[in-house]
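Residue numbering begins at 1 within each chain, and the chains themselves are lettered A, B and C in the order written.
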Amino acid sequence: MFTYIVRRLSQMLPLLFFASVAIFSLVALQPGDPLDALRMANPTMTQEQFEALRRGHGLDQPIYVRYFRWLGRAVQGDMGRSRTYGVPAAQFIFQERLPRTLILTITSLTIALLVAIPVGIFSAVRQYSAGDYAVTFFSFVGLSTPNFFLGILLMYLFVIYLPETFGFRALPAGGIPNLMLSDLETGRVTLGEYLRQWATYLVLPVFTLATGSMASWTRFMRASMLEVLNQDYVRTARSKGLNERKVLYKHALRNGLIPIVTLVGLSMPSLFNGALITETIFSYPGMGRAIFDALVNKDFNVAMAALIFIAILVVFFNLVADVMYAVVDPRIRYD
Amino acid sequence: MATVDKAIRSAPLHSENAWQLAWRRLRRHRLAMVSLVVLVLLILMAIFAPYIAPHDPTAQPRGAGLRAMYFQAPSATHLLGTDDLGRDVLSRLIYGSRVSLLVGFLAAFSSVMVGTVLGALAGYFSGRPLRFYVGPLAREAGAWRGSFAVWRVLSWGLYYGALYMVATVAWTLSEDAVRIGVAGEWTTNNILSAVGLVGTWLAVAWAAWRGVTARFRLDVDIVISRLIDFMLTLPGLPILLVLSAILRDPRSPVGNWMYAVFGNAQSVVIIVLILVIFGWITTARLVRGSILSLREREFTTAAESLGASQGSIVFKHLVPNAAAPIIVEGTLQVGIAILVEAALSFLGFGIQPPVSTWGNMLTNAQTYIFFAPWLAFPPGIMIVITVLSINFLGDGLRDALDPHRRQT
Amino acid sequence: MTRFFRAIVLVAFLGAALAGPQDNSLVVGASQEPVVLGDLLNVLGSQAIASEVEIYLYAGLYRVNLDGALEPDLVTEVATVENGRVVITGTPEEGQRAEISLTLRDDIAWSDGQPITTADVAFTFEMTRAPGFPQTTDFYDRRMVEVQDDRNFTVIVEPAQSSDFVGSPLDGPLPEHIMGAGWDALQQATAGLDPETAAAQFVDAYREFFSDLGSSAAINEGRTVYSGPFMPTRWTPGSALQMTRNPEFHNHPDDQDAYVQTVEYRFITDTNALQFSVVTGAVDVTGSVSITFDQALSPQLRARAADRYDIWFIPSPVWEHLDINQFSNVQQVADNQLDDIRTRQAIIHAIDRQAMSEALFDGLQPVSHSNTSPFDPIYNPDVPQYEYDPERSMELLAELGWTRGGDGILQRTTADGRNVRFELEYVTTAGNAVRERQQQFIAEDLRQVGIDVRINNAPSNVVFSSDFINRAYDGAWTGMFMFAWVSSQGASLNAQTYLCESAPRPENNYSGQNAGGACSPRYDELRNQAVVELDLAASLPIYQEMQAVFAEELLAIPLIFRSNPIVVSQGVVNYVTSTFNRGYGYPPYRPELLGWAQNGATQELDQSAYASQLED
């Protein structure tokens, strides 16, 4: 196991190197110039001044020179400044956007798991019952609905239609509450109020985001429980006369959760990735929007900081998922 | 030889009986059968769109009182109402199925094809490194087959080409520093650059010398597995941006060619390309796993001992036996492709108007969700129904094709 | 049924609707968030939403009022030749020199109580002259500032142009006592650098300097001071910006307690979500960067408006048009003869712009015939007009050798014997629903005369990137490009955009705003005459002639002038704007007068004089 982890870790570095080369080239190959925005703001800037600026930023250099320059700074922890926001790129990504995205994605993940696991178990235990069919049907509907269609429907329903028809206070249509963590320290709001406000803003995006993973994890949970329930040892346990509850929770569940653990492990990077479409619909300033905007605005440093960070997470969580798999399933050996 | 093939073909699932069995099982899966019917209807609708659609999907009304013709609620003349330019929503929906289904099936088919080929190669040659490079003067035992001889010569070009690249890149990177150094200013940086340059060139020279007589073998499995790891780290969005920029740029030869060949369909091709770039990975992993276990089976050994070529073993014997998971994966990919097409439209990278797709209809409708909600439902529901049917069918196929799974 | 419905609506929004008047606050909804505030010299870029918020935070030397006229803001009076504060010497031929003498009011102070003096004015100007400063515009190159004492200073403009007298003679001012020390440190740090070779270091240093004073973190720490009626107190990035009254501001209404005390900008980037926020009463008013025109026009928004909010359409100086690629070296341009004026005439004759304006915009976005807004003082109402006339269009096309093919599309044989179809590329910004709708309307009109339009849209950042829009010469886009120009009065007097020399070509390294490469020697000649004529009465006929030339020669195909919708909750007073208010029409005119009628604020300004509402 130990040697396995060491070997995988040693493979990570070259992999990340190639990934960073590829990501850098992709971002750099994009049409347009990172200085376009500056030039548009200064329409009378002469071509000589513009060229001087490009030289100054090293943009006239071939792409590999730029890459190694970037790498040299990046390994020292300097991700550069955001061209759009003027603040350090790392600060913008990690202090401003990442915490917000995590609030959204972790809540969705938790809710999706809290629903998917029990519903999946229920569905498997009562295979071919009406309940199972209903769960199957709805999880497939969940899988088949485009995210933005669902989001817009929910918004229309809970912000306009239901409040107007039944006369209750509408949920906010989008955005995030005007709250900062420091408000708790200064006592501007109580913790209860803080959470309540966040909750009202999070309901719709979280539900939109959770639906997809909820549906797919329910399917996986059901399949893996079915698999386990048909195994010999479960049948043996049952035939020994152990009560059903004990069979289910002691023997079946532990093994049935294995594939879910892997799946959740592999979906960890997407927590940091943000959810571009959900964020767009609900005007939620998260990582998804940050990366998209950085790419289309050619905010090079921000895009690189975020994309490399996510690449590292992908590689890392791939490893974690494999290791976890070995830990929960003693049949698997790595050598 | 013919008899051998026949003997091998009688492996499970590949016989007529196995397919009949699967079909019998599938027929019992009610949801899957309903879905199959729905899908067939949808495909017929797409094919016969011109005969079914009540109106021209792109025709806009002209004349007096235009405003009243826009955003019409559903009525007898326009069963699903009209859109923001007075076009018939039903007709657009029917025509929209063409692009949406085309993107879905084309992308799924291509990803599954690419994934199957790469996965099968990785699985079959795992642990059996291939001759990758044989130097011009290397003594090589065994016969040279025609295609390998060509590859052998090609590989020299690749090998020495790569060495040349390394040497030039090293020179370009250190050129300035070394020039300044030679001029007399030997700072630490300049010295380091010079040392790096000399070191790299020495290494290149050594590799060039070795290359004359060397023989390299390469494990295809390792290459493809690392490629998969690598692909997983790549973000989709910048690839989309760069690809669509390059492929749509009329100034680049690629863009020119794309337009000459595909015309207005080029945005379809771009979307399919994006989907394939990321879609092959799951299939490849799946196929690799199946092939790894299948190649140890008796029928494979039999075929090998009878001297069947590697290509025919992989693609005639092994891949058909791994068909079940591939087919299921294919259905899933169709669903994903249709959803991604919709999402790309939402981000402004979709199929260009006035061609209608469910994705761009839905995107357009969301702008008017408040005052014309009926515009959003037809495309939204069509997407849900299609993807739902495909998923149900895939589920049914999984049950039907899996010999270990019993149905009650 | 409707009454029942309305009653329910009232119940639902009672809570939200009362929040504003209760604590005398105002919530403004915006679909964009400023990047930094206080970057009055546009070092980090120019952003409409930042300029709008800065109306609340900064007072200028002058301001443009609702009628588009100049008013003194921090100075005692607007300088004119008549009051002797403007002295012009020289001749138009050899270049003129204008000396503009101004006096600062003596009751003005920064929000920390420090007086605003000529030191601040001089400091702000000095910044623009610093080595390597990115905002090196011709505007500043022609200026000098001389300070007489604490209150009096002179701006010298040489050579002076007509556009120098329609706005503030200088930007700012910014606070010297806050920024001075940091500025000196910056200058020392960059002292050894050569602006030519180290341009990037300079720009980065300046950007850092301004973002460190105006970013959300800086504002929450209160790092700088303000001269406007409000000052920011809290900025939660991605959520909201709060501003409260600046106690030191010189021009608050007498009973200021009756007026709005805090203004909160809510940032809701998706316009659907923003529109719903308007409906639920989560925002009281909307700014200029807000809900789309289509949304404002929607019957559903209007159905809920009664007794709750007004929807105003303010004519804006934003001009939607089609730039046509006229670089004849591009194959498609030559094939389609886009460089021939008759082709452009055929295109404009084929488009029923009047029907489009009425069908799509209820006539609220009027058809334009040249690039000058009807609200601009130099507007010429009598320019040649190309009416909708598909027959004439087809005649012109036939004259150019086009005949209809079997598929209904025009075809011709070129001089070198190739058979070409009239296939016209049409580019605009994807994701702008209003624009894409117009695009499809126009495409259909063109198809009817036999032009096959190929739509090729991409998100705005992609199409506006310099290697797309500015590369028509290389054929990056080969047909029509629909976008808009915003013209302040200054810009329309300067009229640089459609000069021949502004066409981006390899010779000028693809710089210039004349994206399609339109060129009319007559237009250029008139423009160069007009800009040096400082007496507007004398230059007016030349400017009007220019518009006539523009309209006749179709340097670009004019489509419409946009209207900016704003939603104002009932009870809010003095949230008023107009076409050229504050230069670009951003609301409001005077933030210090914002208030709720129910709290005793007096209505002094009337929006209906400057905007229209939709009749039911």
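Following the convention adopted for this analysis, a residue touches a chain if its C-beta (ideal position, glycine included) is under 8 Å from a C-beta of that chain, and two chains touch if they have at least 3 such contacts.
What you are looking at is a predicted structure, and each value in this text was computed from that prediction instead of being measured.
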Greatest separation from chain A - chain, by CA centre: C
Chain pair showing more contacts of the two, A-B and B-C: A-B
Separation of chain A from chain C, taking each centre as the mean of its C-alpha atoms, in whole Å: 38
Distance from chain B to chain A - Cα centre to Cα centre, in angstrom: 23
Whole-Å separation of chain centres (CA-atom averages), chain B against chain C: 45
Residues of chain A engaged with two or more neighbouring chains: 31, 152, 156, 160, 280, 296
Residues of chain B whose C-beta touches two or more other chains: 241, 245, 249, 347, 366, 369-370
Touching two or more other chains - residues of chain C: 272, 275-276, 459, 462
Residues of chain B defined as touching chain A within the complex: 169, 172-173, 226, 229-230, 232-235, 237-239, 241-242, 245-246, 249, 335, 339, 342-343, 346-347, 362-363, 366, 369-370, 373, 376, 380, 383-388, 391-392, 395, 408
Complex contact set, residues of chain A against chain B: 11, 15-16, 18-19, 22-23, 26-27, 29-31, 62, 64-65, 68, 128, 140-141, 143-149, 152-153, 156, 160, 276-277, 280, 291-292, 295-296, 303, 307, 310-311, 314-315, 318
Chain C-facing residues of chain B, complex: 58, 60, 62, 66-67, 70, 84-85, 241, 244-245, 248-251, 264, 347-350, 352-354, 364, 366-371
Of chain A, residues touching chain C in the complex: 31-33, 36-47, 49-53, 55-58, 81, 84-87, 96, 100, 152, 155-156, 159-160, 163-170, 172-180, 280-285, 289, 296-298
Contacting residues of chain C [partner chain A, same complex]: 5, 8-9, 11-12, 15-16, 35-36, 42, 44-46, 134-139, 196-204, 207-208, 210-212, 215, 217, 234, 236-240, 242, 264, 266-270, 272-277, 279-280, 282, 459, 461-462, 464-468, 508-509, 511, 513
